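One chain, chain A, links the two complexes that follow: it is found with chain B in the first and with chain C in the second.
Right, the complex of A and B next:
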């Protein structure tokens, strides 16, 4: 009896949804944010349903599968205006994915990735340390932390190399970056794959402003106050571009190539810088690198 | 009797508490993909402690250099007056050897910190 009552309550609760934005998916997902009955979360850890909005390139199939496997069980999948890349969940062709999301909230997809360690131990070296000497080596198939040059203050500390994207909520959808970080400061960047095509809808000023304000953690109404712009770092043009979007104007500035523009910025600055350009311009700036 | 029993009971209680906490806290239902950090679909090619890697070797060197110095200086100060200049020379040699370690640590950048 109590369980029925609890499950009835649970059915009425908001469904936490992790939205993977594919091609042409930015504007539809932005429209979902104000829909009652669901809540878009920033991490698969908090999600119940994986929503794939818009076509995702087949090259990102493994990344999508990993994301699906990172959602805690029970999980459901909805493919909204997207061709399924793997046989889980159901597809929606129409404009309203909400009924399908409700249905997926009752589903329980099996794991899409095998439940095995990503880097199994390969006992190498005389003491199982994986390498030679006191430093270096590759225990568990991954290199040891090593120091490298710092561009900010010359203090050589451990660098962090990682591949970010394509479905990280703070980066433009589809963008995959290989970053080398010293603390929070970006030291070097290479673009692995460009952002997805978002079309004219993705360039709408109100949508771009909303995305940037969300990254800053500022509510849209508070953005009318002048102080919101002061929260942005000075000198990078992000203030100017957000102000233009808030006035409803289109930003015509184009980003310089990412490998030149991003080094020296902190992670949060870089994320805001990337969000302060039109998705179509950013995609264009990443494309020549891709062809070369 | 109680002098032995009380600590024993406390130790047993501590062990029981530790085992209970381990049972409560263990999340064995997380799969391997779920244990990986969320990088937007990618897999980290680094170790989990990469960003928190303390370089123990120079820190230990510095600690021993200053700690050992102080440790031997206290008894040395007690006998210094009666032993005289011999003690001064011995301590000078000892400090000279230790300062080589400090200089080495200096060169390795152990004193640099933000």
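Right, the complex of A and C next:
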């Protein structure tokens, strides 16, 4: 009885969609943001429908399957202008994925990955986890905390090693980073794979500004008057680049290689720094160096 | 006292609904009135998620603690003359305890799923919320000085001649910074922000997430009622009955807090930390010193 009443009420709800942005997908997904009837969410846990917008490299198949598994059941999948990497959900070739998203909101995809730990237990060393004493090691493929020097104050605290990307919404889509973190301070970076190609549309100033301001919690309207520039720290150039975008100019500065630029920055600063360059320039900076 | 408690319990859900409506006004999201109920119902029908090796007890309890703190905080607010749920002489201290424990609860919410982004959100929130709490303590002591009492009832009665918002103009804006911090909103949302993909809530779904959102809105109601009481004279006002005045003032503060949350930019946390310690905290000292000079006989 109560459930029926809840279900009836829930029928009018917005569909929470987690958008995986593939190649050329940045601008179309931005266009979905203000469509009524759906809400783009930041975490797959909050979603009902997985929308894959734009082609995703086959190298990221496992990552995409894991993301699919993170959406609570029942879940649906839509491949929008993207070749399916696995046999779940339906494809849309046209410009409007909304009907397919509505259909997917009633779908119930079976699990794509088997329900087993991604990294089986491997006991090592006197405490079973490998590592030194009772710290460190790599049980279940999860690196345990181990003390290491902080690059800012030299205090030896626990470091955290993990892979971030390729579909985290605050990072440029496709970018995969292996990070070593001390709290939220980045200690070292290696680029595992570069961001996807986004084309000319992805470099549009208004879109770039909106993406950056979203990370700062506001909509782009009158951003300058509301102190958006003052909120950014001087020196890193993020302020200068956001100012250019808000004036409608294209940013011509190119990022230095990530393993040199990011260490020492806090998570929020690093994310803003990455968002302050054109997607095409960032992609170029992450590509493996061509042999001369 | 029992009547006041019952009134608060009955009034909270509709006020949470209103808070959720305020969040949708002007956000370009369509149905303002029914939207929160429909989305809430859809969320409740989704399953909770499991994470790997979570702290189950704290994960289960954190949203409930948050809601409980909002309710306890709300209970010290007098609804009319002599009508208050927690009639204690140290109401402001109880409210302060709820503020401080909110930091613990938000930390537990980020800690318990055992995942990196929620944990970063949890640590960052503690770093930012601590100075925000300090700030509110100075501001609330300022509100208590003219009343010469820590009782919230006395604080209201001391505003019969003139509201605190006029006597201490810095108080309300500074207290709103705390409101944004304890309701995880806009410029102070270092726990659940977009740059952490939902931060402490990133791993939650279903009823647990729905309860977290509900508790967050309930905390906004509690904060708004407290701000209306400490600075806008609470239930005092002509013609209309006391509770109606309190309701109107609470809604006004709520609207202002939601608007401020949308208007102001979230700085990177290190910059906000400097801003809090170097600008806002000295301002709150100055405000308290001015109040002290005013109440000198």
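Operating definition for what follows: the second predicted complex is superposed on the first by the 250 of 292 C-alpha atoms of A that agree within 3 Å, B and C clash if a C-alpha of one lies under 4 Å from a C-alpha of the other, contacts with A are read in each partner's own complex, and residues count from 1 in each chain.
One rule holds in what follows: a residue touches a chain if its C-beta (ideal position, glycine included) is under 8 Å from a C-beta of that chain, and two chains touch if they have at least 3 such contacts.
Just so it is clear, the structure is predicted and the values come from calculations on it, not from any experiment.
By the touch criterion defined above, A:166 lies against chain B but remains apart from chain C after alignment on the C-alpha atoms of chain A.
Of the two partner chains, chain B and chain C are each touched by A:45. Of the two partner chains, neither chain B nor chain C is touched by A:209.
When the two complexes are overlaid on their common chain A, residue A:286 makes contact with neither chain B nor chain C. In the superposition on chain A, the chain among chain B and chain C reaching more residues of chain A is C. Contacts of A:115 after superposition on the shared chain: chain B is touched, whereas chain C is not.
In the superposed model, A:92 makes contact with neither chain B nor chain C. When the two complexes are overlaid on their common chain A, residue A:155 makes contact with chain B while staying clear of chain C. Of the two partner chains, both chain B and chain C are touched by A:72. Touch criterion met: A:6 reaches chain C, while chain B stays clear of it.
Common to the chain B and chain C interfaces on chain A are residues 43, 45, 70, 72, 140, 142, 160, 162, 168-169. Interface of chain C with chain A (complex): residues 28-31, 34-35, 37-39, 41-42, 44-49, 52, 116, 120, 123-124, 186-187, 189, 193-198, 201-206, 209, 262-271. Only residues 43-45, 60, 62-64, 66-67, 69-70, 72, 111, 113, 115-118, 134, 139-140, 142-145, 153, 155-156, 158, 160-169, 171, 176 of chain A touch chain B when the two sit together in their complex. Chain B makes touch with chain A in their complex at residues 30-34, 36, 38-47, 49-51, 53, 57, 109, 112, 114. Looking at the complex, you find that chain A touches chain C at residues 3, 6-7, 9-14, 16, 34, 36-37, 39, 41-43, 45-46, 48, 70, 72-73, 140, 142, 160, 162, 168-170, 181, 183-184, 213-219, 223, 226-228, 231-233, 266-269, 271-272.
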